[in-house]
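Read through the structures below before going on.
Two complexes, one shared chain (chain A), two partners (chain B, chain C).
Presenting the complex of A and B:
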């Protein structure tokens, strides 16, 4: 049985599902217009279809449009997008010397991202035996899997070791500053920083890997991966019913997040507003990533009471201690018979919540990297990702409270950290960072 | 919205789908009888159900029986089982000093594996606030996800540094010997060996992680993880149609595998036969794992012609060079007009095939572990897993041919290696390795 859905073959006849269009025409339409032009329900399945006869072939074209998220738009995808199952983060360092080279990289990356997020290969294949294939190929035959790619730029793009590398120093937004040292940090250089941060999310890990790998390949000569980390959560398919996913400590994670469908909240919490400047960041957002190692061996030895007091929530239901429902309002004033707060003041939820006025949008994943050779313990934990409008007013004060007093600090250690200004979305025909570069 | 599918709550009423049975009764039935007793279609969903009212609750009980593979049986699962999407391998070293402690560990592991493969927690929760939870909790609310756990023992269980550690030296099967050094090996101690090897596969990465982590927790004081590696392939869900998955070089991987549904072939290739001995290995199999790093940066610079000549197959279709169909018989005698073999004699497929008489069952996954700090290159590749009846006659001669001449060696490097004797299956009431210990 040969698979019939390979994109390098020229379609002979797409009449089973669609009007006759050459593959090149289809690619062009998709490349220019994004998913909107992809002929509805059949989606980009047609791009993979060979039109070969038989029942198997019509199955191959049935790529659900629901698996494709539009690339172009006001905002970048991957921020208020409902969380996909898999994650791959890469921090890049720029090795190019000229601003025009950085601009050219973002042009190429935008083009590639616009294609692969729609389930297409990164570029047209030449099929020239004497050239390397244009696309690395591991995503051939796979659906777009809700792939999103979110690009951000770090403080070192603007100034590095005191030097204005690309003549961009004056364009650095004030909120894009190195994070302050937090009291509980044990940061390791190999998990920190980067001139560019790329967050890839998808419902398939091979599709996510394919994106990072091809972006790295396209960057050759301009930028190199500084560090990277793959992540996961429980797959949607494995969840017996929808609901908040659990982290590797066994607790629900993300309950207190603002609603991504609430535009007002997103404008308040996530999106840089026109009044704030700089103009190139309007409709962008600041992304903070923290690689948080869990001391799970120690956690697993702690009592249920300790664990629940540490989070301030019930382990099974996820409800605030003293409550019954995961999503009930946090009442930090509730006391037990002896007058002690039901939710300990140094619990994770109490400190993260603070006065409840400052919020962030969390979008974290679990990670596992085998055994740490130095300690013999599992190198596993939470790859924390959050988006906010101004880290100085949101993430930083929240993390300062946590770093100082959080009971959870006994069981976690922050080993990686970076901050990036995520660009606003691009319009078809334009590219990400166009106003910056 | 509170989730209602948490297993710690006592079911009040399961009448929506099933006769009234207490959770404890159900657990007992499942624990003793395996999936067969799980009341058909509704499967162990009932174990998660609280019987709470409302539409949401009836969704939660609909855990498909198809997501559960029986644990007890003649053979261990995870060998001829069709490959799941995710993989987590761990090699353990035994720190216990007495054979009875090792036996006790396998008894506890068998019990835990029999439960979690059926979608249950590792043990009954006490809900005692002053004890650690029995199960680490990250799989609460998740389906069994076709979880399989496959246990094997390594040569060092029998003899280590010349010592007969547990009085088992005389029981070592001759095929369970350290692998010879292969000419292209660049093995690193941190990815090699182990007294016990555990292969976990599932259609969800969190379910797979949960298994390894809880086995490690149960082993505390008896064994520690020596090394571990998570792996993946493209998810079934993302494949536009069924077919052979591609590795991270973009080529289909596993085409030439024998058919796992062909009992005669499996007896020939995989299962240790009663005539071979030792008796404790009858219906077992030998598992070889090799952590094979891909030099993907170099691969990505090689031409399509090089890539296809390296594998001996067409990149898109997976067909042998000169052929058209992925599954057509390999014809190594086919020549081009100039008399040169169409499939190069030093191609991967030609050397792996050899005279076609010796086969192995491959069951490999891709892996990615971020950036190698030493080289700055992606630490990614293939976690090769194979099963065979006698490595001395199957894997070893095949790998010797490949190590010496395979064109692919330019693009890969074997950094990890281990061999294990995978035990036969256990019967309900028994435990894995019962005849050995």
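Presenting the complex of A and C:
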């Protein structure tokens, strides 16, 4: 479930910024507001010296640099970022009528995201007691926890019910096609679609929720949450040693992912290249989310042999069937004594792997949502997330193969689905989607 | 009305002591509203820095008008109930309540009045239940007015008491400014969910009245607000228009369709329009501060 090489350093596309407090923030922290500017540099210095900063009712938290991931850069964060422990996804629908309102929303969101991912409150607090606080407050005193926020736009931003709502229809990228219906899909409207998709990941669930909540608050009047889902995987702390996380079927999930530190592979699999167009998507990526329910009751009564044959990998080690090491090459031609393939041709990895030429970057999380009121069974499964350069050539053909023949289908059902064009990164002073809106 | 147990503050603070002292009236002491937040003396000073005397005086006039109309309409309603005229009582029920809902923040400031007039079943002990909703239940569920005569009389005397109290009540600027948000919170909490009028399903009447009451305060503060933050003022005005538009789809005759006619999708749309308006409205306190 994690990208391979988890626990390794962040790829070097963005230079790690030191969390520094601006002078303005210092003034805020000291509670002197605008008037404090009259004090000049010396005034600020003496506030420090007397320790007034610590005494003030500050909402900024001292941030360990390792917990902060850069927000601005060539690419958006949260895509080739090693997978964090917790996840919160929200699909939004735009209710604003004008393109300029959508643009304004992205400006505000970019500013807010740039702040909270650095462990700062969403905006400056005023000291007017007659106003609600600017930040909702549940992240006060918490570190940034490797928070990342990733924004994408869905097909319905461009055209909805045949209408060119914001004059953007001509800008819709061909790869952002509506996903075709896959056999055995049981999609439910309440888990599907959205004009905008926001993926939030962090090593703390409250930090992740805080991000979604504040973005929703900022959006009020411009966009509303259409649906949302929280997710998790094992925490780094709980893992006895670093390694691939397991999904709720008990199998290591993420082994076969491409290496996020391999720039060539990422350019090949994930990032939209300049030659592809449209220009506003260069260095962006397409995100597909599928809410996949697991029939865990049935899975739990299937035999070990059946389970391993379903995936084509060994349960404990994660090695391909017939092999011994998790990361050894997947050899689909290996046969047993009787000439049968060791990895069944209709196993999940055999079908997902295909000829090995078409790949995607998976970044999924487990989810659980109480029980299914009808059956009393747990509503739980995999919130599948993947990134790719062109879903029509990568995710779609792969999922078509899986939907038709995957042994795993006996134990899963796709109930939610959405596709988004994740914008390229923004640079400081700019905002996400600047070239689109 | 707001859910009693959850309520932590009155919507508009009414400090009665000044006017009461002047009037030398002690019988109304029990109506003194809870103290307002005075944590921050800087904010208090700021609050005094803007002059809201005129808008507040105008608001009092509005409240008195609504209270007068409430008495007139309640009198007719009570007469219909007491004479057993069920159809007439049903017709008068929702429009009468609107006068109350428009000024609900004021009514709620008087501790016992609001439950006596507006408690829903289960808000109070069964033995203490009285007011509009008790009669609502009799009218729509039992289809009778029998046994409600005393409740009807008490209701009328309680709205008369309300009218007497609003005359002298001191309206706090700080809470006057947050009144519109409190009114919209009322809508979000009970009206948009159909919990307020669970027997008559006339929730949209209350909904509309709460919005009108909020709009009134905004209108009175509009020019002051504009001087502080023109963009915020425009946003609020256009969100009021959006909400009124959304609501107007459900107008029928001189009132509104039954809540039960709304689809889930329509209810959600209304609820989101309320949130869209309430968020910028919550920034109105800026008129009391020094920022912008």
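Keep in mind that, in the parts below, the second predicted complex is superposed on the first by the 375 of 437 C-alpha atoms of A that agree within 3 Å, B and C clash if a C-alpha of one lies under 4 Å from a C-alpha of the other, contacts with A are read in each partner's own complex, and residues count from 1 in each chain.
Everything that follows uses one rule, which is that a residue touches a chain if its C-beta (ideal position, glycine included) is under 8 Å from a C-beta of that chain, and two chains touch if they have at least 3 such contacts.
Since the structure is predicted, the reported quantities are computational estimates derived from the model, not experimental observations.
A.B. asks: A:234 contacts which: chain B (first), chain C (second), both, neither?
C.D. replies: So A:234 only meets chain B here.
A.B. asks: For A:132, is the partner it touches chain B (first), chain C (second), both, or none of the two (neither)?
C.D. replies: So A:132 meets both chain B and chain C here.
A.B. asks: Once the structures are superposed on A, label A:298 by its partner contacts, choosing first (chain B), second (chain C), both or neither.
C.D. replies: In the superposed model, A:298 contacts neither chain B nor chain C.
A.B. asks: Should A:217 be classified as contacting the first partner (chain B), the second (chain C), both, or neither?
C.D. replies: both
A.B. asks: If you tally the residues of chain A touched by each partner, is the higher count for chain B or for chain C?
C.D. replies: B
A.B. asks: After the superposition on A, what does A:336 contact: first (chain B), second (chain C), both or neither?
C.D. replies: After superposing on A, A:336 lies clear of both chain B and chain C.
A.B. asks: Once the structures are superposed on A, label A:178 by its partner contacts, choosing first (chain B), second (chain C), both or neither.
C.D. replies: neither
A.B. asks: Pick one for A:95: touches chain B only (first), chain C only (second), both, or neither.
C.D. replies: Touch partner of A:95: chain C, not chain B.
A.B. asks: Should A:324 be classified as contacting the first partner (chain B), the second (chain C), both, or neither?
C.D. replies: In the superposition, A:324 contacts chain B only.
A.B. asks: Quick one: is A:263 in contact with chain B, with chain C, with both, or with neither? Answer first, second, both or neither.
C.D. replies: A:263 sits against neither chain B nor chain C.
A.B. asks: Under the contact rule defined above, give the chain A residues that sit at the interface with chain B and also at the interface with chain C.
C.D. replies: 127-132, 217, 224
A.B. asks: Which of the residues in chain B end up touching chain A in this complex?
C.D. replies: The touching residues are 1-6, 8-9, 45, 48, 56, 59-60, 62-63, 88, 127-133, 135-143, 145, 190, 203-207, 209, 213, 216-217, 224-230, 232-235, 237-241, 243-244, 246-251, 296-297, 300-305, 307-308, 315-319, 324-327, 366, 368-371, 373, 376, 378, 380.
A.B. asks: Given the complex with chain A, which residues does chain C contribute to the contact?
C.D. replies: For chain C paired with chain A, touching residues are 37, 39-40, 42-43, 46-47, 174, 177-178, 235, 239, 272, 275-280, 282-283, 285-286, 288-291.
A.B. asks: Can you list the residues on chain A that touch chain C in the complex?
C.D. replies: It is residues 95, 126-132, 217, 220-221, 224 of chain A that touch chain C.
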